[in-house]
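In the two complexes that follow, chain A is the common piece, with chain B as its partner first and chain C second.
Take a look at the complex of A and B:
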C-alpha cells in the first residue's frame, strides 16, 4: 500500500503511528513519553554505561525496532540502498546538536507533539523555537547549503547498524552487561516484546509514509506542501483522544511529567533541533529510518545522537525536570543549568557556521 | 532538454533543484536524476502538482524522471 498516495493515506499513517504510541503509553512507557527518539537513545546510552544518570538507563526496544522495522520494510519493498559519503562528520555534529537541544527541552520533536497532545503548554512554547529553527534551516538551504552527495557503497555497510541493534537486543535479554534504572523515567517501560513490536511497526510505517517532524514544517515553508503535516496531525489527534480518555490531558505549564517551564531554553533548545534537523535532512526519527534503509550517513547521525546523549549527562548539559516541593526536598524549577545553557548557545553558533559559511555554497 | 543531477542529495534538495529548473526552463523538457525512491516520489509528486506530466524510468543507480 502506498501510504504517500494522498491525504487520506497520509492521515491514516499518522493515526497508526499515534495508535502505536498510545499502546506503548498505556503499557507502561513514561507519561507523555510514549515514544521519544532522543529520550530513548539517551536511555540506551545510559544502559550501556556511556553515562551514569541512574534514572535514565534502559535499553529501549523501540529504538532497535524502529531501525530494524525500517530496514526490513525497505528490503521487502526493494527500497534498501546502501549509501554513504555525504559529509559524515558534519552529520555527526548535527546529531550531537539535535540531542543537546532535545535534552535542554526534554524531548525530540516527536515527544514535543506528544506533550502538546497532553496539554503541556511548554511544548507549544517550544514549537515556536522549533518552527523558527526549521525556518532558519530553510534559509540556509535557499542560500545553497548542501552536505553533498551520498554514493552507493557496498551493501554490507547499510546493514551494520540494524545488525548491531539486533545484537544489542539479544545481549540486553540474555546477559547482565547493561543496567536498568530502578526509579525515574528509565524504570518505566512497556513489556520488552510489546515495545519491540511497537518499534518495528513504527519504523516500518514511518519508512513507508516518510514521516519527518522537521520536514513537515520545512515543506510548508519551501513548497506550501502539507503532506507531512497531515501525518503529524494524525498522531496528534489520536494522542489527544487517548489522553482525554485516560485522564492524562492537563492544559497547563506546571505539573507536567518530565518537563520544565524555562521558556527561553525550551525555545532555544528546539530552535537548535529544528535548525540542525533541516541541515541534516531530517528529524531524529527520520534519521533512524534512513539509517535503517541503508544510509550510513544517517547511521553516523545516529551515533552523534548517541554520543551527544552521553555528553549531556556526563557534563551536565541536559535539562532537569521541574518538581514540586516535598517533605524532603524543596521545589525544583528545572531547565538546563549553566553548562546546558552555554552548550545550547554554542550549538546555535555552530549551526550558523555550518549552514551559512560561504564554503558550503554549492558550485 | 535541461538536466538536473540530484543523485545522492538529501531531502529536500532534489525537489528544490527541480523547482528551480521548472522555474528557469519550464517550457523545456526537464530530466531529473535521483538515487532514492523517496526522492523519486517527492520530485514526481511536485512536478505533477505543477501540472506537468512525468515519466519515470529505473536506471542502474536510481531513477530518471522526464518532466514535460
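Take a look at the complex of A and C:
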C-alpha cells in the first residue's frame, strides 16, 4: 500500500505511528514519553556511560529499531542510497544544538506533540517557539543558506550506523557493559522486544511517509502544503484518544510528567530545535530515518545528538522536571539552570551565525 | 479531489537551489509552482519545481542561464 498516495493515506500512516506510540506507552514507557527521540538517545548515551545521570540510563531499543527499520525498508524497496559530503561538522553541531534545545524543554518535537495530546499546556507554549524557529530557518533558506549537496559514496558508508545499532542491541542483551536506571524515567520501559518491534515499525513507516515535524511546518510556510501535517494530525488524534481512555489526559500547566512550566525556556528551547532542524534538513526523528536509508550526513547529525546528550547531563545544561513538595523535599519549579539557559542562548546565536553568515549566501 | 495531470517535475540537490530557481522563475514570469518532491521520485523531503511538460526545453535552457544544476527532471501524473 502506498502510504503517500493522498492525504487520507498520509493520515493513516500518522494513525499507525500513533498506535505504535500508544502501545509503547501502555507497555511501560514513561508517561507522555511513549516515543521521544531526544530522551531515548539521551538514555542510550547514559547507558553507555557517556553521562552519569543515574535516572536516565537505558539502551532504548526504539532508537535502534527506528534506524534499522528505515534501513531495512529502504533496502527492500530499493531506496537505499549511501550519500555523504554535505558539511558533516556543521551537521554535528546542529545535532548537538537540537539536543540542547530539546533537553531544555524536555522533549523532541515528537514528544512535544505527545505531550500536547496529553493536555500538557507547556507543550503548546513550546510549539510557539518551535514554529518561530522553523520560520527563522526558512528565512535563512530564502537568503540562500545551504549545507551543500550530498554525493553518492561507497555503499558501505551508509551501513555503518545500522550495523553499529545491531551490535549495540546484541551487547545490551548479552553483556553487562551497559547500565540501566533503577528509578526515574530510565527505569520505565516497554519489554525489550516489543520496544524493538515498535521501533522497527515506526522507522519503516516514517521512512515511507517521510514524516518530519520541522518539515511539516516548513512546507506550510514555504508552499502552504499540509501533507506532512496530516501525519502529525494522525499521531495527535490517536494519542488524545489513548490518553483520555487511560485517564492520562490532564489539561494544565502543572502536574505534568517530566515537564516544567518555565515558559520562556520552553519557547527558546524549541525555537533552537525548530531553527536547527530546518538548517539540518529534518527533525531528530527524520535524521534517524535518513541515517537509516543511507545518509552518512544524517548519521553525523545523530552523533551530534548523542554527544549533545552527554554534554547536557555532564555540564548541567538539561532542564529539570517540576515536582510538587513532599514531606522530605520542597517543591521544584524545574526548567534549565543557569548553565542550560546560557547554552540555549549560545545555541541560538550560533544558529544565526550558521544560517545568516554572508558566506552562506548563494553567489 | 483534484484531478491528476501530467506535470514536469524538476528536483534539486539542495533546498536553497529549489528556492533560488522558484525566485528566478517568478521574476521572469514563468509558469509553475513549488511543491514537495513527489514520493514517487525520491525518499528525500526536499522541494521541487512543478510545471507543464511543454516547458521542458525552456526549463533546461533557463536552468543553465541561472547556473543551477537540477538533480532530476521527470514527467509524472501529479
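As a convention for this text, the second predicted complex is superposed on the first by the 362 of 363 C-alpha atoms of A that agree within 3 Å, B and C clash if a C-alpha of one lies under 4 Å from a C-alpha of the other, contacts with A are read in each partner's own complex, and residues count from 1 in each chain.
In this text, contacts are C-beta pairs under 8 Å (C-beta built on N, C-alpha and C of every residue); 3 or more make two chains touch, one makes a residue touch a chain.
None of the values given here were measured: they were computed from a predicted structure.
Novice: Which partner chains sit in contact with A:222 here, chain B, chain C, both or neither? Use first/second/both/neither.
Specialist: Both chain B and chain C are touched by A:222.
Novice: Which partner does A:282 contact after superposing on A: first (chain B), second (chain C), both, neither?
Specialist: both
Novice: Based on the superposed arrangement, let me know which partner A:6 touches: chain B (first), chain C (second), both, or neither?
Specialist: second
Novice: Check the residue A:141 against both partner chains and state whether it touches chain B (first), chain C (second), both, or neither.
Specialist: Touch partners of A:141: chain B and chain C.
Novice: Applying the touch criterion given at the start, work out whether A:79 contacts chain B, chain C, both or neither, answering first, second, both or neither.
Specialist: After superposing on A, A:79 lies in contact with both chain B and chain C.
Novice: If you stack the two complexes on chain A, which partner ends up touching A:341: first (chain B), second (chain C), both, or neither?
Specialist: After superposing on A, A:341 lies clear of both chain B and chain C.
Novice: Check the residue A:149 against both partner chains and state whether it touches chain B (first), chain C (second), both, or neither.
Specialist: Both partners, chain B and chain C.
Novice: Do chain B and chain C touch any of the same residues on chain A, and if so, which?
Specialist: 4, 79, 81, 141-142, 146-150, 210, 212, 215, 219, 222-223, 225, 227, 281-282
Novice: Show me the residue ranges of chain C that touch chain A in the complex, using the header's touch definition.
Specialist: 1, 13-17, 19-20, 33-36, 39, 43-47
Novice: Quick one: in the complex, what on chain A touches chain C?
Specialist: 2, 4, 6, 74, 79, 81, 141-142, 144-150, 207, 210, 212, 215, 219, 222-223, 225, 227-228, 281-282, 286, 290, 293, 362
Novice: Taking the complex as given, what residues does chain B use to touch chain A?
Specialist: The contact residues of chain B facing chain A are 7-13, 15-16, 19, 35-38, 41-42, 45-46, 49, 61.
Novice: Looking at the complex, which residues from chain A come into contact with chain B?
Specialist: 4, 79, 81, 83, 85-86, 141-142, 146-152, 210, 212, 215, 218-219, 222-223, 225, 227, 280-282
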